[in-house]
Every structure is written in C-alpha cells, then in structure tokens.
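Heads up, the next two complexes both have chain A, just with different partners, chain B and then chain C.
Right, the complex of A and B next:
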C-alpha cells in the first residue's frame, strides 16, 4: 500500500529519510520523476540517501504506475516522493489504489518563487499549479500540508480558498 | 518525571544544533540548548541545568568537546545516576538521541551515530532498475 505521496522539491532528505520513513514505517521509498529517473548521477545519489533498511527506487511515471498497480505492491509499505504537480496528477490518474495520504511539504522555492503565490512558508504555486491542485481535488485527491509528523495538518483545499 | 535533553557547547553550536535538529525532526520541547559565550562562566550553564532537573528525570546532556570547559563543568552532574553526559556531539548523534525511545540504550545510539561519520563516494547505479522492488 502507498502510505503517503509527498510532494517535496528536495526529494529524499532529512525530513523524509529520518523522520517520515520512521513515522510511517515504510520499507520502500519510490521517487517518481520522468527526468530524474533518467539521470544516473541523481538516481545514484537518491539511492544512497535512503535510510538503512529501506530500498529506494527512482522511476518514470508510467513505470511507477505499472509497478504500484502490480498486486505484489499491496504487501509493500511505500512512501512516494515527487517534485512535479503535473506528474503527480498523471500518476494519481493511473493508479488503481490511491495513496492513503497526499501531502505537499516543500514546493516551488527551488524552481524560484517568482510568479508563484505563497500558499505556506514552504509551498509556492503558480496559477497553473493552483489549477492542477483544484482539478485533482474535484477528482477526490485532497492534499494536506504537513511538513513534519508533529506539524498541524492543514487542508490544501482550504489554503487555496484563503 | 520526564526525559530532558540538553545540548551544551562553546558559543552558538548548541543553539544552532537545536535549530538543525528541529528542521529535520520538528519542534523538540524537551531539548534545551546552552552556549558558553566568550568570557562566560561554564558553571552557570551547569547551575541552570541543575535548577531544571530533579532525581526523577532522565537527563541526557550532549556536550561539544571532551576536555573543553563546558563538558568539564558538566562532569560533576554525572555523579547523579539519572544523568548521562555524552561528548563529541554532531547532528547525527543529536538526531539519534532525540528520536530514540526513552528505553533505548544510549551506547547503541552512540554507535549508530558513529557509523554516520565516514567518507561518502557516489556508487553509480543503473537507471530504471526495479530489481528487489517486490
């Protein structure tokens, strides 16, 4: 099962590797990105960033969907990490079983906040990205904002209204 | 009766360490950081810790440097059975201790953190590899 899909520009880093992976008791971290999955240096570095006892995989959207829709994936405890809302919407539409939690934690500052709206201290979205989140919500994919397990859970739907 | 963790150091290391820990692991209300300022008195830090703890607390003090004045001053607290002082703190050790369960053996936590001190070199992996996924 997919315990969480997290949107995070920094992908596998301390908050994910140290904190969430323990909290969620996952045994797989899958980074889903068409571009990163084809870059051997980034793939290698991400694999090394996985904590001990957790295997990391870096896959393009289509392949990730195929793997996650395999019945054998039901037995796995998976944390998905992504950094592109367009690909997130694409993956969610291809998954037969949706992630238990959809969390947007760190987004928009790496690519640059110019032209993006501040949604929270760590999430900045362009007009197009706001539309993507609203469209996902109409299809039942409601995101929360919770960078760390002991942070209060906020509804992204409500943040986008405000 | 509670678990209390103190970071103590020369200057701002302890305070910065607490902020770094909290960036990764979230707010840590049971962690307090004290830094010795130039010209300051390390015993003042120890007095503040003494005033904050009682015999029912489990106290873990992470100090920056064995033999440095802050750890030297804190040494006298280690005659108390409920106080553990660890020197040579880094971020890996601080996280290891902060995130450990109250029953954890601190020697094991130190060993885990010690393993994180190493040379890193990229091991180049194949792309699109799903070997071992299931």
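Right, the complex of A and C next:
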C-alpha cells in the first residue's frame, strides 16, 4: 500500500529520509519523475540519500504506476516523493489504489517564488498549479499540508479557499 | 562578574559559530558545555554537566532549518549556572530548559530578519555588486554572533545573582522534585531519539548499555569506553562486508531487473 504521497522540491532529504520513513514505517521510497529518472547523476545521488534498510527507486510516471498497480505491491509499505504537480495528477489518475495520505510539504521555492502565490511558509503555487490542485480535489484527491509528523495537519482545500 | 559574563558571552558566540560554520556540531550540549567550562576555568565541571545535558537533548535534532529547542544555548547556560551559582547538575538541567526554549524564539526572530535580506542579496547579484553582497553577508554574520554574545553577557551579568538567590532558597521539597524530574529527562531524551533510531538491528546496543548500568552499576565514562570499542567493532564488520559485497556484485550477473528488485525483500 502507498502510505503517503509527498510533494517536496527537495525529494529525499532529512525530513523525508529520517522522520517520515520512520513514522510511516515504509520499506520502499519511490521518487516519481519523468525527467529525474533519465538523469543518472540525480538517480545515484537520490539512492545515496535513502536511509539504510529502505530500497529507493527513481521511476518515470508510467513505470511507477504500472509497478504500483501490480498486486505484489500490496504488501509493500511505500512512500512516494514527487516534485511536479502535473505529474502528480497524472500518476493519481493512473493508480488503481490511491495513497492513504496526500501531503504537500515544500513546493515552489526551488524553481523560484516569482509569479507564485504564497499558500503556506513552504508552499508557493502559480495560478496553473492552483487549478491543478483544485481539479484534483474535485476528483477526490484532497491534499494536506504537514511538513513534519509533529506539525498540525492543515487542509490544502481550505488554504486555497482562504 | 564582568569576566565571567564575558566568558559566557564568548562561549555563546563560539558555540553558535561552530554550529553554523560548516555545521561542526559545537552546539551539541556535550561540546557547548565543555567550551563554557573551559572558558570559565572549570573544564571538568563543564564536561560533567555537558554529559548530563547531552542525555536530555539527545533526541532533539535540527532538521531542515527547524530548531525545536536551542540545545546550544541550553548547554551553555546549564553549565554556566552550574559553575557560577554552584548548582547541582540536576538543577543545572532544569535551568537549561527555559533557555533552550528562549533560544528558539530568538533564533526565529533572527531568521525573520535574515530572510528579509534575501531580496537585497538577490539585487546585489543581479547588479554584479559582489563587494556589496559580501558586506551584507558579513553584516548578517556579525549580527548573528554579536546577538548571541550579548545574550550570554547580559544574562550572566544581570541574572547570576538572581539565579544564585533562587538556587539557595529553593525549599527542600521543590529541590527533591527537581532532582527527580531532572533524572527523568534523560529518559525522555532517549525516548525521543528512539522514535527516529529504533530498529531491530540497533536494539541490542540499547540493551547492552542498559544492562551495563542496571546490572554492573557502570558509570557514563565506563559505558562510553565500552561503547566506543563496540562502535569500532561494528564499523570494521561493515567495512569488511562492504568489500565482499563489491566483489559479489561484480561477479553476479545483472539479470535481476529493477522490477524484481522492487518486489523482493
């Protein structure tokens, strides 16, 4: 099962590798991105960042969906990490079983906050991206904002309204 | 008192410098408290209090720019009051906690200001004004270090007598409660650490340490000594495995695809 899908500019880093992987007790971390999976340097760097005892994979969207839809994936505890809302919407529409939690934690600051609206301290979205999140919400994919396990859970739907 | 205040102010600035410049970990209570002890002329007390405080803050880590508790300031002030107000280590632990909380507040205020400088940094870069960029950067660093120096200096200059009076006038009942509470804090620190660290492979080390204290009445020094030896053993084992793995990986034919690897344990 997919314990969580997390949107994070920094992909696998301390907050993901140390805190969430332990909290959710996952044994697989998959970074899903068409562009990163084609870049051998980023792939090897991300695999190095994964904590011991957890297998990390860096896959394009189609392949990730195919592997996660396989019945053998049901007994795995998976954490998905992505950095592109367009690909997130694509992946969610291809998955037969949806992730238990959808969390947007850090987004929009690495690419630059110019032209983006501040949603929270660590999430900045452009008009197009706001539309993507609203469209996903109408299809039943409701995101929360919770950078670390001890942080209070906030509804992204409500944050986008306010 | 001026000299001691200067020493503690310097300790605060040094600790924060070493925490930030290359993340050398000088803000770990063990190190922070030892630095303070050396500067105040009591290195042994500094280390003793440092060891006690390290246990308390063991599970507190700064991750991704989030500082839940300023264990660096906690370490400096815990040690300073233990030495200057001749407080027992248990009291020092209790006194260090409010300072670590105050430290978080101060750090957030500083970060608020530092973040507001980013647009100016960006503008200097766009205008190719490297000199101005560097000056701004040094201003920021100077404010950061001066701020912590002043926190140490002023707190000790104005606060030591008050703390001394407080320590001397604590009723016995409250003092015993403080001692009990301080005794429990390391358990809390350990528990917090376990949340991030606990797993089957590491559990035996935990029980070895527990057993050494519970059955053989070991002190921290004795356990640290044996712990260091065990750590070396573990690392030698891992290095050897790593070498054989490498040989095995090159001889094994690479037919296991990524998919198979994903489903296999």
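Heads up, the rule we're going with is that the second predicted complex is superposed on the first by the 162 of 162 C-alpha atoms of A that agree within 3 Å, B and C clash if a C-alpha of one lies under 4 Å from a C-alpha of the other, contacts with A are read in each partner's own complex, and residues count from 1 in each chain.
Basically, a contact is a pair of C-beta atoms (placed from the backbone, for glycine too) under 8 Å apart; a residue touches a chain by one contact, two chains touch by 3 or more.
Keep in mind that what you see is a predicted model, and the values were worked out from it rather than measured.
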Determine, for the superposed arrangement built on chain A, whether chain B and chain C clash or fit. clash
Determine, under the contact definition given at the top, whether A:41 touches first (chain B), second (chain C), both, or neither. first
Given the touch rule stated above, what does A:109 touch, chain B (first), chain C (second), both, or neither? neither
For A:53, is the partner it touches chain B (first), chain C (second), both, or none of the two (neither)? second
Contact breadth on chain A, by residue count: chain C or chain B: B
Of the partners chain B and chain C, which touch A:154 in the superposed model: first, second, both, neither? neither
Does the superposition put A:142 against chain B (first), chain C (second), both, or neither? neither
Intersection of chain A interface sets (partners chain B, chain C): 14-15, 18-19, 22, 28, 55, 57, 59, 67, 70, 72-73, 76, 148
Of chain A, residues touching chain B in the complex: 14-15, 18-19, 22, 28, 37-41, 43-45, 47-48, 55, 57-60, 63, 67, 70, 72-73, 75-76, 148-151
In the complex, chain A residues that touch chain C: 10, 13-15, 18-19, 22-23, 27-28, 53, 55, 57, 59, 67, 70, 72-73, 76, 147-148
Residue ranges of chain C touching chain A (in the complex, touch as defined): 61, 63-64, 66, 195-196, 199, 201, 258-259, 261-263, 265
Interface with chain A, chain B side, in the complex: residues 23-27, 95, 99, 120, 122-130, 132-134
